[in-house]
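Here the structure is laid out as structure tokens; the discussion comes afterwards.
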């Protein structure tokens, strides 16, 4: 009880300013500064004769960050200024991300929307001379992509999830270390190396022919590390007290993992799996090598070549290489993006349905 | 002391239910401490460990495959594999190939991508998790995910047809004002900006959604009570983020960045479409020179002979090792503060 | 049903540090045993060794024996899951499952044990929540998230969750510390009821509570900072509060409520 | 299930080979045919398979443009029935093929698709450009760096050339196109091009781009640029092509007819059924365009897979037929002169 | 230094639900005011409106006025950050930063305020931890994670963290509920000292604690389930415990400790 008296000899705490209404910038300040920065950016751009509008934007962004920081530092003090700096940088980051995103999307939609119609979505390229004119469609490629990505996901997602579960929930020994080590290496495999590996083992050594399935083997290899690592991170953040609460109810570990840990992390896990799907859905090189190309519908992923959307895009761009080829390529790209986004939405819907209820 | 259970207990799992709840009349309950939950647990553990082992086996097989093929190639290389610039493995008279240019280009372009993408991605992730009004945050999160859905080849085309022309101005500007740094010097002005620098920017855009998405999910997991603890100490929003959110998310950010880096290191078609590759190692990163491992594989694979393919595998192996070193370093950083894990909150 | 707990020579470690040392005691069935002692003396740690929850902390380990009706919890072949099903626990800090509604939180243990029948579950939810004195406050929002409750409500929810699976022994780590007197009373009443059938161990900092609800009281203490905690004495509650045999116990109790 | 392979209504322009369906005699035993290899002949096979597929609906053909080397490798692994390649087989490839070609057979080269390499440029105000071997080689080797260089000016009297620096573009990937161009340089540059002919680019300076598509895109986009692509890419992208000054009386335009003259003068260097050709890049014949290329189909002379042999021969016959060769002419290819195609037809007849 | 708090007509909402309604009261400077009342009646909610922590919960909002020495916390131009710097808070559930060591936890607030000097920080760590009666237990492991402490230790760590920045008003939400009597006594002593200079508000379920430490006591109650909580009465502690003017208060207090 004597210890408590130690507080009595309070040292002077340095400059803790205790005024509630420190001078603040008006609410419209950020907007005003943004406007001024943009105007200045354009002025400098014109004045210095900078051709690229990108530079104008960068200058404006920089000005915005600097001016709001300076202004705030002068009026509100350094802590507020730093807060504003962070806020404005985060907004700039947001805008920086929007530019390429908008540009890419605009570009793709603009180039691709012209060909995307019912015929395009329901026909294959069979009997169409791609280089001579329009016509044909991507149905065969759509089928191929869905099947290959579906098969790859069916193989890689469970393996990836379980591996992450192993690493977070069970793994402490050497095996865990070794698995971690290899997952890390796996993240950097160029897709073509994965393709070559499958080619050498599955197609050459074991003698299997072209098929959608052998392509999905390579895709699964590419998908696994993304699933493992993102899931691992999410599982690590599940509070231990929840696991303990479950154990204390006499719930076995596996049920705890399945019904308490995984649902708590489901949002993040979904994101990880979707990222992985997005990544493999756009792969070209290994698919070309293992699945081949096929201008007709082949709904059997286990026998014979199939087309896939990225390969279709690649062919239309690099080989057909005329206005019709370009149009088909962009149209297919548009469909591919929409496809992945659709899957993403569905997955999120499912995840939200089972995800943590809000609350503090 | 022996712990063998009484025989009459040994068969059944304790009936878990009490139809009328615990305040109801007593119910005879059987119980044994040697329940059969080990079966489910064993199975689940088996599945988990089995998956880990399967993954390990695949990777070990790939590694072995690469090492084997590399061995063949390197033994036939007439020049030093690590210092040679050119790539001519199928030359019957004098097979000669080396990774100097490729390693440089890969590391530089991925490095640029990381330097640009990581801060921006963290910024966007924070924007979504802590800054944006909820109504904007959700749709914007979807939009960023959309970036991940764009196939590499489209990035390549967009990069070559849109990004490069728009970067030409920036390039000469950098040369004019930062040329003295040597790094930003442009050897040939006026040429399209199809350089490692541009590739770095493109890769940054490509890895952005990966890093953003994973970081965003991590930031969302920060327990509210820690954020409140920081706010109650009089932290501004940014200080709260620095005190409670970023340290909590640190391992997650690092992992996310490693995932992004993996993609940047291994990206093939987009780089091949944008980069003007050559066997010149130029320290001026704005110059349209250089190459990356994956780009080189794409460019050389189609026409490669058998030694040529092995040589490409040898390059792939080096990329493996690079990936490994970077990831190892990241793991070390994370492990150092393991006992400060957010899960102990 | 209710079981006797016999602890002998039990020590528990966190990594290299010994948190409690050489504890031996008997907890009688159909009775309430209270653990008291200064903060950090190892009450929670000891409590967690009684249902093998201690070992879930990485690096934590236990030495010694805990007999539950002659069966050593730490014996070979003993399934910790079965132990925890038999020996339930309420934690010091309320921890409802964030992904679950109030209803789901209560039936979590049952559901995961395979009980599916809606009517059974409904009954359990109502009786458990009533037992934890929470029913009236939440009966209209059973499908709302459990995390949106006040601190005290959360703690009562966790108590309801623990009693819903009807363990034979119930360990409670300061179950009432976040509760107002009314809820505290309700919980104490509940404890009084439960002890008819179960063995109950409760950690509390509230001497009066210990005096009110427990039949026997164990006093823990630690010799000094960095030293492991030890059991000082265990005796009938009345004795402990009126005439403890060890001076330290007397000091501790009277130091506050003298 | 809701998709359709039937494109007769969807396609506004029916397969252009359709009219020649009469020339196609389907195999008695139809099977799917897979081929892989050279990208240069990709569009030609595309045309053929469309026409052939219309006539013989039981035969489905696919062709995977993975590159000549990879195509030959896949052929030697028994993954494809035929391969397309920009280079005649090497002896090691032939040896390897003996594994797949059963019964003592081996792979042979059948010249089936011919083309030409255009020197494409994008210089404002310049519509016609004439170049010769040494000048072109020097431009691509970085020895001539501005458009108004005297060497270029001398070849183009009356043309106003800008003083801008020349932006050269070459292929970043290994390519038959590069091989043919550098073969031309090796023969005609008078020592300006020091490296041997090679599918890997060996010149100095300039920028590289991936594939002919990549090069075309750059030429289109970058002012004062020059590069080289197959004729079809030049046509598809509306690029201007230079005429080549050979020893002939006047510069030769890059047209299919002019390339056919050079091809007609080439000699067969293969033995037996192998019809590998030697092209004369140094030709000075009137109207003979020197930078030509030939791509081959690879098949086994004996020991082709029994179930695909019929279809293979039938398809090859159509490819080599006059109507087949005419069908690809409009796509920027050069119909094979009859001197060669006669030999090819004979060789196809001998396949077993 | 110490400030008077004047609340008038304050209501607080979680989304559409009103949690507390029309509360008006005055908290005197240099005094301790205790809030008592049944669980879920809105004590924590009200406490959090006093330093604008309520509004950080998504969808939460406040109506009414809180004057701090005549300055309305909810007035235009008031910076919530400045408010929280002035009005410190200890939460109901201990929440040390898991990513920080014990030392870093204590100085977190000061570091944010820009204090960097090691000697100053060292001094503050020692005095704050001593004030929270934790110093002896942790002085040898200041660099260990704060999350590895016992429940009571964690709560004392949070108290140390809050007093380290020397706020002018200190809000404590059941600060002692996880503490043993010795630590509780230490905290109560600390409160006694702090009130010489600061304004202190404490939520407690422990009537005796309210009686011991507070000068004035406010009793909150709610009319029924789903109804918002209200202030029933606020008076000198002695009056409240001996002779409350409202029957409900008397019932609540005597119902338990009569």
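By written order: A, B, C, D and E. Residues from 1 in each chain.
Keep this in mind: a residue touches a chain if its C-beta (ideal position, glycine included) is under 8 Å from a C-beta of that chain, and two chains touch if they have at least 3 such contacts.
All of these numbers come straight from a predicted model, not from anything done at the bench.
Engineer: What is the touch distance from chain A to chain C, in steps?
Structural biologist: Between chain A and chain C, the shortest chain-hopping route counts 1.
Engineer: Based on C-beta pairs in contact, work out which chain pair has the most and send it over.
Structural biologist: A-B
Engineer: Need the CA-centroid distance for the pair chain B / chain D, whole Å please.
Structural biologist: Spacing between the chain centres: roughly 40 Å.
Engineer: Between chain C and chain D, what's the gap in Å when you average each chain's C-alpha atoms?
Structural biologist: Averaging C-alpha atoms per chain gives centres 83 Å apart.
Engineer: Can you list every residue of chain C that touches 2 or more other chains, as numbers and ranges?
Structural biologist: Within chain C, residues 81-82, 85-86, 93, 109, 113, 148, 165 contact more than one other chain.
Engineer: Mind pulling the chain D residues that touch 2 or more other chains?
Structural biologist: 39, 66, 70, 214
Engineer: For chain B, give me the residues that contact two or more of the other chains.
Structural biologist: Only 37, 41, 223-225, 228, 236, 239, 248, 298, 301, 309, 341-345 qualify.
Engineer: Which chain D residues qualify as touching chain B in the complex?
Structural biologist: Residues in contact with chain B: 39, 66-70, 73, 90, 92, 164-165, 167, 172-176, 199-200, 205, 207-210, 214, 217-218, 221-222.
Engineer: For the complex, give me every residue of chain C touching chain E.
Structural biologist: 14, 36-40, 44, 92-94, 136-137, 139-140, 148-153, 156, 173-174, 177-185, 205-207, 225-226, 252, 255-257
Engineer: Along chain E, where are the residues that touch chain A in the complex?
Structural biologist: So the residues of chain E touching chain A come out as 57-58, 68, 71, 73, 75, 77-79, 81-83, 85-86, 110, 112-115, 120, 123-124, 126-128, 130-131, 133, 135-136, 163, 165-166, 168, 185-186, 189-190, 193-194.
Engineer: Considering only the defined contacts, which chain B positions touch chain E in the complex?
Structural biologist: 134, 223-236, 239, 243-244, 247-248, 250, 337, 339-345
Engineer: Can you list the chain D residues touching chain A in their complex?
Structural biologist: Of all residues in chain D, those touching chain A are 1-8, 10-13, 15-17, 32, 34, 36, 39, 42-43, 46-47, 49-51, 53-54, 60, 62-66, 70, 77, 79, 211-214, 216, 232-233, 236-237, 330-331.
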